[in-house]
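There are two complexes below, and they share subunit A, which is joined by subunit B in the first and by subunit C in the second.
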Partner chain A sequence: MKIDVTFIWTAFVHLLSAIPTTLLITAVSVTAGFIIGLIGAVVRIYKVPVLSQIATAYVTFIRGTPMLTHLLLIYFGLPVIVDAVSAALGLGFKSSSIPMIGFAFISFSITAGAYMSEVIRSGLLAVNRGQLEAAYSIGMTTPQALRRIVLPQALAVSLPNLSNSVIGMLHGSTLAFTVSVVDINAKAQIVASTNWKFFEAYLAAAAIFWGLTLLIERLTALLEKRINLYNRGGVA
Partner chain B sequence: MIKLTNISKSFGRNPVLKSIDLTVNKGEVVVILGPSGSGKTTLLRCVNYLEKPSGGEIAIGDFRMNAEHAAKKDIHALRQKTAMVFQQYNLFKHKTAIENVMEGLVIVKKIPKDEARKRSAALLEKVGLAGKLDAYPSQLSGGQQQRVGIARALALEPEVILFDEPTSALDPELVGEVLEVIRKIAKEGITMIVVTHEMGFARDVANHVVFMDGGVIVEEGPPAELFNHPREERTKQFLKRITPELNYSI
Partner chain C sequence: MGAPFDFSFVFSFFPKLASTLGITLLIVAGSLVVGMIVGFLIALPRLYRIPALRTFSQVYVSFFRGTPILIQLFLFYYGLPEILKLIGIDMSKAPVLVFVILTYGLHTGAFMSEMIRASVMAVDRGQLEAAYAVGMTGRQAFTRIVLPQALAIAVPVFSNLVIALLKDTSLAFTLGVMEMTGKAQTLGSVTQHFIESYIALALIYLVVSFTLEKVLKAAEVRLLRHELPDTPARTGFRIQKKGSYRRVVAGIGTEKGGAEL
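Let's turn to the complex of A and B:
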């Protein structure tokens, strides 16, 4: 077998059109996952009754099952629920009108939320209890102390691991092809299906993923430098 | 005036405060002495509810609250009337010196930023840090950090400032600069409760000295009396061991 170098390029150019889809899935799942994770982590750290148990169960179940399984459960399960609810309320809404990418958004957000909740929780644990006490001592309420004092420090600590989660979701977004969403990887398969040059096509896909990952790494490094300014020691 | 009545506190089955009564008059500097484990820090932390007392009553001016069944609103009100200087400084690590001082003014007291900045800068100047407004805590020495901590407490104009061993974590040569600042603000008539091991400071600055051991107040009185003519045997023992000549730390 000979490698068709020119086809790698051809495939590469074709794959570019799928980048927005991949980035969109990643961005949505990471953003929603971050919010879910933040709430989950805070609720667990401060042992909010009921909610913390729900959050714990959510994290163990999601982390204990594959991302592909989440997608399939949502894909096959959600329409049943949506149609039942819609019928019961007489809304006339059909699950078939949900776009395929919607299932990817929902399921990957749930996946990302569980992993990010653990990342943010570790960041919260890294913030010294004295910081919260100092915030209380100047008369802050718990929400004020969390928002102004604890979370900014916790997120700064979590940043490297959060970027890991983003990269994980970027690569995980390839699973969306299972529900017929055409991301970069899926596009590679389609492009190659006419001439069977799969290796070349996937090589091009790999190059694009690597490039996107490098971009995320660079952005994280920049952000880290800005956010962690205060950690640069001077005297003491 | 601050009045603690019948304050008790247990950690699990272990009682650390046994029905403490303490009155602090306005403008007074009260120093609490005692061996470690005597409950002095716990008592101080009960005053602003960083520790929840198991029972008793806390009163500051006209405000009073049942310490055992405190509503969130009461705890919040209590904390707005007090400020604390911590042993480990506990400056907000992600904020500069001036931002640390401004934080309570802007977020809690809702004072406009410009005004808060002006006041904070003046306070930092007062504690001798005019040149360090924009330094992060990690760029300051322990003594400088503690002075920012004092400015942060002063900014809130609380009814009382609680000092929890403010010099215990400092290098010996930095202790002086912090004590000097505390001495200076004591002269301005700010009410303070100070837990410390600095006997010289207690002797010079305190109006009233409290000696605690085993979760109770063993003896209290004016410093001249308590240091020179202690009545209780336990106080004598303690003072003999912590004479200034032998006051070293490892």
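Let's turn to the complex of A and C:
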């Protein structure tokens, strides 16, 4: 079997149609993960009883196990729970009406939440305590101080790590094929097996992912420049 | 879907899954060895600024950090035999495990090279100069002064890499390797107790990564005993332009992703 260079382009064009699915999974999991992570981080920093222990256990468990096991656990476990709850409450909801991509959304959000919680937490810890004290001294409430003073600085610090999390989730979204969601990876498998040209199809898929990753990096670099404007040194 | 939940299955699955832990750890160890060698080879041109090779290193690292490991697995599994066939090497008989270890090795190598590069560069140049000043040879200065310090900086990153690698090996089942995840899927479909088998799987991964982390943490403490403990001064919110060891460590992308060219 020879390497068919023109087929790489054909596969590439085919794969373009799957990019929205991949990006959607990434976007949903990153957004939901960010919210989960933010709550987890704040709860842990303020050492809220019970909740902070739960958050710690959650982060430890998720970070200590592969993303694939989360997806499989959710895929097999969630329907059982949903059906049991719905039967107990007499709701007419059936787990079979959850779309496949829903499992990917839920599971990847849980994964992203744990990783982002660590990123945000380290960002929050990097903000000087004096900032918070200054906010209090001019009469801000804790939520105000967090929202207006601490979080913007914390997010600026953790931006590079957040971008890595986004890239991690982009790469992780390839696992969605195990729950039969057709993302770039699954599409590559389909294109490859119908034409029996695996190498070419995966080369095209790799090229797309590489491009997307570089794009995310560039965007982050721009954003970082913008967001750190307040923090530059010098006199100009 | 499947049989009703029965927690006792989780326990009965433990020994069965643990029997394949060896394969998982073999993949991890094998790829660490390959990754270490590759990482060194890739890091050197960038450390010594060798013109053409340096660009190659950059592209290599960017590619392996910029594409998902799953895609890389398939790419090498299907692509490597065809490329090697062109130069007359027949790999069609090679076991799948070889491809898996090779791919994970090359993947980890990219991250390792970044780790090696960053930790060597993090050692203060004055240390080397001081070593020369007391009359050490270049080799002595490297093995006695630079290497121990670089190692200490690298350990936390290395620890993250090993754990990430362990978790990534769960994807080897896609090529049909019977490691822990593959075994868990088989157990699940044989007994129809999927949830129990995946819970057992997750717990084993958790224990293994926890142990790895603790062991490497101990190594870090041992290697860093010459450093002063972190002072409260590091609570500044400004991004440090020039910082201590820990800053540098934090600056190295320890998570997956990041493909800067």
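Simple rule for what comes next: the second predicted complex is superposed on the first by the 233 of 236 C-alpha atoms of A that agree within 3 Å, B and C clash if a C-alpha of one lies under 4 Å from a C-alpha of the other, contacts with A are read in each partner's own complex, and residues count from 1 in each chain.
Rule of thumb we're sticking to: contacts are C-beta pairs under 8 Å (C-beta built on N, C-alpha and C of every residue); 3 or more make two chains touch, one makes a residue touch a chain.
In this text the structure is predicted, and so the values were computed from the model without any measurement.
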Subunit B and subunit C placed together on subunit A: clash or fit? fit
Comparing subunit B and subunit C in the superposed model, the one touching more of subunit A is C
Check: Which holds for A:Val166: it touches subunit B only (first), subunit C only (second), both, or neither?
Finding: second
So, A:Gln131: does it touch subunit B (first), subunit C (second), both, or neither?
both
Notebook entry, point to check: Touch check for A:Phe108: first (subunit B), second (subunit C), both, or neither?
Noted result: neither
For A:Phe34, using the defined touch cut-off, is the partner it touches subunit B, subunit C, both, or neither? Pick first, second, both or neither.
neither
Three-chain overlay: angle at subunit A's Cα centre between subunit B and subunit C, nearest 10 degrees, stands at 100
First (subunit B), second (subunit C), both or neither touched by A:Gln153
both
For subunit B against subunit C after superposition, the smallest C-alpha distance in Å amounts to 8
Dual-contact residues of subunit A, meaning touching subunit B and subunit C, are 128, 131, 153, 156, 231, 233
So, in the complex, the side of subunit A touching subunit B is made of residues 128, 130-131, 133-141, 144, 148-149, 152-153, 156, 229-236
In their shared complex, subunit A is touched by residues of subunit C numbered 1-2, 5, 62-63, 65-72, 74-75, 78-79, 82-83, 163, 166-171, 181, 185, 188, 194-195, 198-199, 201-202, 205-206, 209-210, 235-239, 241, 250, 253, 255-261
Seen from subunit B, its contact residues with subunit A in the complex are 48-50, 76, 79-80, 82-84, 86, 88, 90-96, 103-104, 107-109, 135-142, 144-145, 152-153, 156, 162
Within the complex, subunit C is touched by subunit A residues 1, 3, 60-61, 63-70, 72-73, 76-77, 79-80, 115, 122, 125-129, 131, 153, 156-157, 160-161, 163-168, 170-172, 174-175, 185, 188-189, 192, 198-199, 202-203, 205-206, 209-210, 213-214, 217, 228, 231, 233
